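Note that subunit A is present in both complexes that follow, paired respectively with subunit B and with subunit C.
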Partner chain A sequence: MKFRTFAAFVGPSVFLMLLFIAAPLTSVFLQSFQLTQPVLERVEVETCTPGFVTQTCVTEIKTRPLLDEAGNIRTTTEWVGGLSYARVLQLGKVGEAIAAGAWGDILSIDFWKALRFTLTFTLITLPLVIGLGLAIALAVNNAAKAIRGQIIFVSLLPFIITPVIGALSIRWLFIGDGIMTAGLEWWLARDISMFAQGWTIELLMLFYRVWHVAPFAFVIFYAGLQTVNQDTLESAIIDGASRWERLRYVIVPHLMPLIVFVALIHLMDSYRVFEEIVGFSSQAHVISLQWLTYDFLQPDDAGNRAIGRASASAMLTMVGIVILLIPLLRRTWRDHRGA
Partner chain B sequence: MSTPRALRQSFALRAGSAGFLALWCLIAAFPIFWIAVMSFKTPVDAFAANPLDVILGPETRARGHGLSLLDILVGVAVLWLTARLALRNLGGWVQRFSPPGLIALGWVLGAVVFGLGFVAVFLGLLPTVLGALNALAGPLGVPVIGLSTEHYVAVWAENAFYSNFLNSLLVTTGVVTVSLTVGTLAGYGLARSGSALAFWILIIALVFRALPHSVLVAGYLPVFINSAEILRPILGENAPTLYGQPLAVIAVLVSINQPFTIWMLRSFFQSIPAELDEAARVDGCTHFQAFRWVIMPVMWPGVITTGLFSFLLAYNDFLVTSLLLDAQNQTMVPAIAGYFNRETTTTDQVEAVAAAVSITAPLFLLVMVFQRQIVSGLTAGAVKG
Partner chain C sequence: MKLKIMAAAGLLSLMTTGAYAGCTYENPVPLKSLSAGFEAWKSVTDAMAECGNVEAELDQEFRTKQPAAFAANPSLYHIGGVSNGTVTPLLNEGTIRPLDDLVAQYGGNLSPNQLIRINGQVMAVAMMVNTQHLMYRKDILDDLGLAVPTTWNEVLEVAAAIEAADVVEYPLGATMKSGWNLAQDFNNMFLGYGGSFVNDDSTPAVNSEAGVKALEMMKATTAFMDPEYLVSDSTYVQQQFQQGKIAMANLWASRAGAMDDPAESQVVDKVYAAAAPLAMEGGAPATTLWWDGIVIAKNIPDAEAESAFRVAMEGLDTEMVEGANDEAIWLISGYAPSRMAEGAIATATAEPAPISYPSTSQMGLMHTALGNELPAFFTGERGARDTLAAVEAAYTTAAKEAGILE
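Right after this comes the complex of A and B.
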């Protein structure tokens, strides 16, 4: 295919990606070194209240935003270097906490709190999703052919559901004296409130994410199981391999490329954990990196959005995903070059 | 066919595997089933601690909203008949009445007419007829299960959820159409070109796929809010403010989805033998003609599958739509956040449940109709390794 035809085919897509992915990335990078704030002026204001004989007058100096002709608040944008990063990272506080030996204090800073949750969330769900997906795939492969279609249908439901709604549906089972909480209380004979402390919310989030993604892993592994070489399996049996050994030495190596694929997709997606925070309304206890950026972008009470800090936290989030992905990207790279 | 003895499984293994599967199906379906049940009850029943109370809804029944055994029997029969008609006869009618060449349009129209007919019979005709029958039926006509649709009425009619629905419809239709048009072209180009450039585009797309969406939105937001001023030198006085525009959100979602779309479509195009377009080229087609008249007709399964995933992305999105759309253009998923953040009364909560079920119902239908395509789409990306 000539370059011109290739360009004509790929052009629109590349243009969209450049305009809406690459360009925003550069602008976020630049914004993270800028600070936009309203221009303030200090004015002397005299307020008088009627009093006996004479008025009581108070003069005070007030700060108020300058308005332009249209009545909008005037803003300035200036280059501030790493100020936004410093505000997000708060390294000073981190240093103090380390010096004082109080490691727990670091987690009271939003960014580090979010980082801690995002990483533990990603790393805990990964083996659970792969394990559960594989288990379901093996069990379905073992089931009668007639009911497989229905089982796949039911399994797809958690995968297809809107993430916020899925999180909400789990939350409604546990909220207040919802049936699951009531059941747990009856079983453990103690008072339980799932949304009063951070770790129970985190447990529910982990549960939700595994519930949501396991079907995806299952479908992919199930497709992989259909292509396992039966001859290899039979020769393994003749060699006296037990069921477990066959799984360990024949089936899992056969599925390995698929396991890597699922791990890659899952790392990308669970590092972006966000909908759980919204669905479980957990911002008071648990937040994630992506939620932190989202929160900076939301207008505050005065209608200002902290674009600078949002960009800084977005850049830091991106650094994290790049570090997580390097090993997997190198592998894809080698495979494609080899092929 | 008898299994070799060595492959035969012990009873314990088979029972364990079946039990595990049953447990998984229960866990997979239960939360969704449960919110569907809750949405039809009064708040007291919906959040009752006793599961039987939630299912039977004594409080709802006491308030005069209930189903009798007769209602349930007739309802199930009508549902069954509808499903049977849809599966057996609908296809034939569509084939017969749609003009040749417009079969896809015929299907869309047929589905809409069928759906409207079902709603008219099930929600319009049936309650009136059954109301009369219940009075005559004696013990069979006494309500046994509490069920009330008041929350759906509140959500859709009073809180104008239909406008959110229309916005969702606009955004998803736009995203699916544009994303498929742009994506099939790129996917075909990438699949048929072995150049280093194509390889680099794919690797960069993979990196873009990993970007958290909030990173990108942090880039759009200041530009979109001030776009009228930025674009004025180019477009003059009628430069639009992009913030709050569904069209801008469509462009954003299409681009965010592009990396995934081109990877998936590329793997579908690769499964079509290159000899096919070579033959067309020998017969004198240009590349584009070969793509349009020879490759596209055999690509429909792949296009439909990719379209489904674009649809899911646009329909399920919360982050982009909630940050880039203002209140009057809000789609359904961000709109529901308004309900559960309000949550002043338990009625609000049940209305949020009803809204959540309304959002889930189309997805449920989607899996029912397109299960095969979804599975093939999930595996298409993976199997090539």
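Right after this comes the complex of A and C.
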């Protein structure tokens, strides 16, 4: 392909990537080292608010930002180095906890608590999603042609549902006396509260994520199964390979690049776990890194946002994803070069 | 088929002609409003819409959207529905306008009590007061011969008696969803024990005797609750009441009307309201007072602001209150306090009275710190002192970042 043609095809995509990915990323990176503060003044303010019958007026010293001529808040921005990172990571407290031998205390710091959950969530769902996806793909592949369409349709359904809606519907099945909880209580004849402790919420989250993403793995693997070399399979049968051995030595090696692909996508996606936290309102028990960033960004009633810490937390999340992906990327790169 | 279309067309024309029925004039200027989504706001915005050309957005996320939307030029909304908790960023950023002239021209029906004055200037017009107070199942208390509790210690005793009688699933409900709700419940109890959130120099002061007592009392009440209390918000508690699952809760007055809604509630006429219980003898009821009202954006032409204010006055008139009497503790003339309002009135007129929720930058930071750090106490990860220390640490970090602390 001529370079001009290549550039004409790729150009728009590169431009959009620079605009929507690289530029925001740079800006977040820079902001994570900056601290923007409003210029504040302390003034005496008299506030009159309604009581039920008469008003009450209070005069108090209030802190409020100064406005410039255009009516915008005056701010100062300064470079603060790794201050926001230090505030997110709280390494001092981590050091104290390690020195005191109280490892559990580390998990009471938001970032480390979120990291613990994010990692376990990602690493537990990964094999489950790949295993379940492969199982469905094999089952569909071996099903009679007449019912294949219907099975594919049904197994794809969870993937079509909007993530937050899916999470909410599972939440409503289990919260309080939800239909599932009521059913379990009746069956086991004991009182069950799925949302009263952390581990049951985590179980629901894991279940939801696997249920939601397995169809994606299934579609990819099912496509891959259509390209398995039938001659190799037949010769394996003639050689007396059992069903398991055919799977182990013919099908899985053939699907390996796809498995790596699904793993890559899944690691990236589930490290950014967020919908589950909101959907299951699990903040009291478990939080994720992405949720932490969101929480920093969320303004409080007085309009304060922790932009610096949010940027730092977002950068740390990205670093985490990159570290997780390195082994898989190296493998892909090796295969690519080898080919 | 033809008949159906005719009927539909007839209905449609009725609706359009009826649209101006409740309004004294026809509003020609397209206006938009953004407010919270509870029943009272629905009635007010419906009444505003009767003047025509009003597009009302009712969104429980309004507190997040409002500051940015009002800071735009021109502002994305003309009318904002606020409460004393959420008006702070609008005041700080100067995105709402003083209303003195408009009040003088169009606010003839307003009582002085409704005018929220900051340094003498009218910045908002209040329409209702709100507070968290004790709502209880009168039938259950009467059957068991129990008096309505007036202190939190009595609440525990009554709850124990109700539990022993096994008449409801859980004696107590509470808006203790982790985050904003849980922090607000702590605020109530903390103030009830006479605590104050920050010192004069903006340093935190929650790690105190009052803080520990508040946490311990809250923990004691959770023994009588649905174990899933950390996900239970106002709507959840309201539904627990409506479905007859709980007997008592310290719940928002604005939720009281729903108890008597026969379409939703199985406990019509059984729920009564009393003053918020005291945390300690001689203290104020353990709650805060709130008001809800309207503001007008600054970044809009004066003519639009005038139309917006006129429409808002139509929304806050006696006619609206008469149609929605039980939905709130209205401040508007024509309001007749009903059975459900007794609790809120008793709370607001108690001696000493509870304070208004403090709308300051410090309080915003403190509320967030409380919301994030308190759950660990209730899940048993941390003790009371450690939790309050963590709250102070989180507040200090955020306050330094916001420039409030050096």
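In this text, the second predicted complex is superposed on the first by the 290 of 339 C-alpha atoms of A that agree within 3 Å, B and C clash if a C-alpha of one lies under 4 Å from a C-alpha of the other, contacts with A are read in each partner's own complex, and residues count from 1 in each chain.
Note that contacts are C-beta pairs under 8 Å (C-beta built on N, C-alpha and C of every residue); 3 or more make two chains touch, one makes a residue touch a chain.
Just so we're clear, the structure is a prediction, and the values are computed from it rather than from any experiment.
A.B. asks: Could you look at A:Glu202 and tell me whether it touches subunit B, subunit C, both or neither (first, second, both, neither)?
C.D. replies: So A:Glu202 meets neither subunit B nor subunit C here.
A.B. asks: Looking at A:Gly176 after the superposition, I want to know if it touches subunit B, subunit C, both of them or none. Which is it: first, second, both, neither?
C.D. replies: A:Gly176 sits against subunit B and subunit C alike.
A.B. asks: Between subunit B and subunit C, whom does A:Cys48 touch in the aligned arrangement: first, second, both, or neither?
C.D. replies: second
A.B. asks: Looking only at contacts as defined up top, I'd like to know whether subunit B or subunit C touches more of subunit A.
C.D. replies: B
A.B. asks: If you stack the two complexes on chain A, which partner ends up touching A:His285: first (subunit B), second (subunit C), both, or neither?
C.D. replies: It touches subunit C, and subunit B stays clear.
A.B. asks: One more residue to check, A:Glu276. First (subunit B), second (subunit C), both or neither?
C.D. replies: neither
A.B. asks: According to the stated criteria, A:Leu325 is in contact with first (subunit B), second (subunit C), both, or neither; which is it?
C.D. replies: First partner only, subunit B.
A.B. asks: For subunit A, which residues belong to both interfaces, subunit B and subunit C?
C.D. replies: Shared contact residues on subunit A (touching subunit B in one complex, subunit C in the other): 175-176, 281, 298.
A.B. asks: Quick check: in the complex, which residue numbers of subunit C touch subunit A?
C.D. replies: 63-64, 67, 84-86, 88-89, 91-95, 112-120, 126, 129, 177-179, 182, 200, 202, 226-228, 230-231, 236, 240, 289, 291, 298-299, 329, 331, 344-345, 348-349, 353, 356, 359-365, 367-368, 372, 375-376, 378-379, 381-382, 390, 397-398, 401-404
A.B. asks: Which residues of subunit B touch subunit A in their complex?
C.D. replies: 6-7, 9, 13-14, 17-18, 20-21, 24-25, 27-29, 31-32, 34-35, 38, 47-51, 54, 182-183, 185-186, 188-190, 192-193, 195, 197-199, 201-203, 205-223, 251-252, 254-256, 258-259, 262, 287-288, 291, 312, 315-316, 318-319, 323, 333, 336-337, 340-341, 349, 352-353, 356, 359-360, 363-364, 366-368, 371, 374-375, 378-379, 381-383, 385
A.B. asks: If we count contacts the way the header does, which residues on subunit A are in touch with subunit C in the complex?
C.D. replies: 35, 37-40, 45-58, 61-65, 67, 71-73, 84, 87, 108, 110, 175-176, 193-198, 281, 283-285, 295, 298-304, 306, 308-309
A.B. asks: Can you list the subunit A residues touching subunit B in their complex?
C.D. replies: Counting only subunit A, the residues touching subunit B are 1, 3, 5-6, 8-10, 12-14, 16-17, 19-21, 23-28, 31, 36, 135-136, 138-140, 142-143, 149, 151-158, 160-166, 168-170, 172-173, 175-179, 182, 211, 215-216, 219-220, 223-224, 237, 243, 257-258, 261-262, 268, 271-272, 274-275, 278, 281, 289-290, 293-294, 296-298, 305, 307, 310-311, 314-315, 317-318, 321-322, 325, 329, 332-333, 335-336.
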